[in-house]
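Two complexes follow with chain A in common, the first pairing it with chain B and the second with chain C.
Presenting the complex of A and B:
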């Protein structure tokens, strides 16, 4: 029912690369994408990151395409609003919807394309991180970044219990479904409420058990972590710098270019 | 309702981070104080966070047919109060971005502000006032979750409208448009979530009410009255 991206990250060969390098690549892509003034650099970033995720990270291509389509609903609504309502320039296209005029103007469309490109490039960067770096690798990064210990610990425990409860939720949902619990709207409403409350009660029990078990193992408010050393290799460094340089060049060249 | 990665342009995503970070810092401070006082609270917070994540990854039965996930923040706000809900909200939103691709990293600040701060604060205020006014507990929970969700959706519309103001009408016109379009799905969805949350609390009160009494969510007398009525 739920395919968590982390499952794919655990299988990816890029998992064993330096975490900081990957984070730098993602941060660079996100920042460059979001501050671009033309849709071309974000498009280039999206292509590069998709290539890295699918070919170097060995994510199944069809699965990746499906992932890219998933958040487009929100993007489509937002982009359409921007395209139809913003801008003051020349009219490109207009029609009337129930006596209400709708007009696409050149600069509005330009802005909409830019926002769409930024979103897609951002999604590709995010997927690169999500599909090549399992969360367990990121905990040591979180700890080193100076976040308070309690927050890191809380996120580790949450991470652990997400999988326990997801299993539980899926089992309950299957059990409800085979008993026709989602047959019609009223039934599914009731079933969903029961699912939620059972999940809550069981997770609460689990939390109390967890405290007892951690205490009996001398938990003193600190969990130590082991970080594997993974030095950055020369080919990785070369590829990354080539990518950075070409993006920056493209960024500079397309500063004033408009595509419409 | 998550704002997608890369959707907010440059000044705005930083602005929302700047607004959210102090609130989160305050939440962390409150949480640390609570954890130092009562050590057993940390595992409970952890399972609550995981619960919110799992609840929000399930699909609500929906009337409109749109893809609809509950936010789950209403439950957290009622049980733990807004400060700690904000911290849980940050972690859950980060996991949603990384595991489910809901929301994003640059828009994390904006999403935390709407779903982790404004929503829970409104839900908590509604809950507290409702309980003071001696309304029916389930009605208050329903109102708190629904209004919290609406507050979230209005905040998201504000965020989008500020980032993309209308050239002639400015912020107000643009806000009206975003709010109208998103209202189609968000208004019925919030009512659904409110009803589901009320149902959830009904089962919890029937089976394990001592948890809620211990966390000072409801008074012992209220529980007794509710159980007397429902059983």
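Presenting the complex of A and C:
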């Protein structure tokens, strides 16, 4: 069953690695990517993170590409606009569109490349986290990072019941569809409203049932968190430090280097 | 010894609808109890009262002869000792992972860390879901969810386990697994209470049955006695168990012995009266009172005949060449059942037994043994109702091997011995690999000897 990102993360072998290590890698990648002056380090970060997600995390390559494609579309539009409408340096390319001159200038292109590189590296870092760390691993991280216990407990319960209600919603929608509830626009509105109100009542009901079932197992107001200890192993540490060092070196070497 | 008791228990919902009227029950320790009744007859409400989740309007509930005192300390004790599994697993599984859900109860009992881990891991092992402990519940099937729910309760080591409609929404295999699990827990001393509207299940499985209808208790008793009272069943809106119906029809036609209540298939088979007279084609020259050798009965007469040869005495010869004969059967050696203790297990040894012991039928009992067999690719002919099916197969002269672990070896041995004593048919029974000798093994030592590898 793989419908959402969380399902891929649950099956990823990287799921069983230390959560803090993964978070550090992602935070480092985001910061280094955003603060780079040249597009080269962010591209390098994006490459490394994609490699880690696809080869170490065993995310299907096609699926990963598809995922990247969506935000890339947005980035591409922005980048085109930046390339054509900013910068003052040497002219690289120009044409007329209905007697309006469109020109790409060197520093404009440079800026466009940087924006593209930064957004890709950010996306790759976040996908790495999303595709290797399922939500259930993050609860203990949330707790450790000082979030109030009740918030974490609530989020644990909410996480669990999202799926119950998702199932319920799918079933209700199906039951409505087979009885032509979504036949036209007006009917769709009505059916969707009914779906919403039914879900609300059901979730209220479920809350009461939940309380009864928790009570029957001696609930006393607190849920205990169980964090599985996953010490960072030597190869992981070596690989991470190699990655950090090479990124930093690249970062240093490409200061002020322009690629155009 | 009475473990749970209610006296004059009455409960009405806040809106005034009566849910239970004057319920008096006494539940003995270590028994398998079934509450049978239609939907809405008050079973679920009664269960909530037995666990202290709801407070009765009138009457009282007693645990070990002490009335419930609805304060938080004693409720904690009651809920630890009387675990309840709800009908819908999704109501019960609320933690993000299987492990966390099973650990919820023990953590609330403030167990120290090591004890908590042992409890949770043991419960997960018992239900055979150790490999699933990091999964979220929405990645499990219905049967697996039910098993997690049971593990969550068993991790608190309750004395009484209450299950509301444990088999609803389960496929046959899932249902068999749950029942096997319950039998296992019962064998290790837990008192099990279930509610069901499946009369076949209640009749076959339980030691004692309570019949409920319309918020009231309308009958109780051992299943053999209770389910004979068809009027009472009609009143409760239920029908007779099908094995009992089949038996009654056979009995009415003189094909089965009377006054029995067969619960299982072997018992039903045992109740059958074999045909004594038969029409055969009389060979030429045969006179009345001669002996005819019919050989082994093959084919459509009896595909798996346990009989070697049949001698028939001719009673009467009909003018058209047919004869009525009286059958005298000589049984060939019955098959045998070997119990293999999987607590210490070696795959080559089992292969050796299957090959040299000429075993044609292999079954596994208990989740652990099933997983072991699955991992090593041992083909299992049967995984549910193992003892019954093995007895039936052994009756047909074949040899069976049952893989099972822990105390279940003893349990299986006892069940087979009970059958042997009841039916008077001798089966070879042996155990293999058990550490200590079973107390009654000597009785059957001679017959067991021949089957040992």
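The rule we apply is simple: the second predicted complex is superposed on the first by the 208 of 260 C-alpha atoms of A that agree within 3 Å, B and C clash if a C-alpha of one lies under 4 Å from a C-alpha of the other, contacts with A are read in each partner's own complex, and residues count from 1 in each chain.
One rule holds in what follows: a contact is a pair of C-beta atoms (placed from the backbone, for glycine too) under 8 Å apart; a residue touches a chain by one contact, two chains touch by 3 or more.
Just so it is clear, the model here is predicted, and its values are computed rather than measured.
Engineer: Which holds for A:206: it touches chain B only (first), chain C only (second), both, or neither?
Structural biologist: both
Engineer: Let me test your reading of the model: by the given contact rule, A:169 touches which partner, first (chain B), second (chain C), both or neither?
Structural biologist: Touch status of A:169: first partner only.
Engineer: Once chain A of both complexes is superposed, is A:157 in touch with chain B (first), chain C (second), both, or neither?
Structural biologist: Touch partners of A:157: chain B and chain C.
Engineer: State whether A:92 touches chain B only (first), chain C only (second), both chains, or neither.
Structural biologist: neither
Engineer: Who does A:122 touch here: chain B (first), chain C (second), both, or neither?
Structural biologist: first
Engineer: Kindly classify A:141 by the partners it touches after superposition: chain B alone (first), chain C alone (second), both, or neither?
Structural biologist: Neither partner.
Engineer: Please tell me which partner, chain B or chain C, touches more residues of chain A.
Structural biologist: Greater contact footprint in residues on chain A: B.
Engineer: Can A:67 be said to touch chain B (first), chain C (second), both, or neither?
Structural biologist: A:67 contacts chain B only, not chain C.
Engineer: Which holds for A:214: it touches chain B only (first), chain C only (second), both, or neither?
Structural biologist: both
Engineer: After the superposition on A, what does A:226 contact: first (chain B), second (chain C), both or neither?
Structural biologist: second
Engineer: Return the residues of chain A at which the contacts from chain B and from chain C coincide.
Structural biologist: 135, 157, 159-161, 164, 206, 210, 214-215
Engineer: Where on chain A is chain B touching in the complex?
Structural biologist: The touching residues are 2, 4-6, 26, 30-31, 33-35, 42, 67, 70-71, 73-75, 77-78, 81-82, 85-88, 111, 115, 118-123, 125-127, 129-130, 135, 148, 150-151, 153-155, 157-162, 164-166, 169, 173, 182, 185, 188-190, 192-201, 203-204, 206-208, 210-211, 214-215, 221.
Engineer: Report the residues of chain A in contact with chain C in the complex, numbered from low to high.
Structural biologist: On the chain A side, the touching residues are 1, 7, 10, 15, 134-136, 139, 156-157, 159-161, 163-164, 167, 206, 209-210, 212-220, 223-226.
Engineer: Could you pull out which chain B residues touch chain A in their complex?
Structural biologist: Residues in contact with chain A: 1-10, 13, 28, 31-32, 35, 39-40, 42-51, 53-55, 57-58, 60-61, 63, 67, 75, 87-88, 91-92, 94-95, 97-102, 104-106, 160, 164, 166-168, 173-174, 177-178, 181-182, 192, 195-197, 199-204, 207-208, 211.
Engineer: Please name which positions on chain C make contact with chain A in the complex.
Structural biologist: Going through chain C, the ones touching chain A are 48, 51, 53, 76, 79-80, 83-84, 86, 88, 90-97, 99-100, 103-105, 107-109, 134-139, 152-153, 156.
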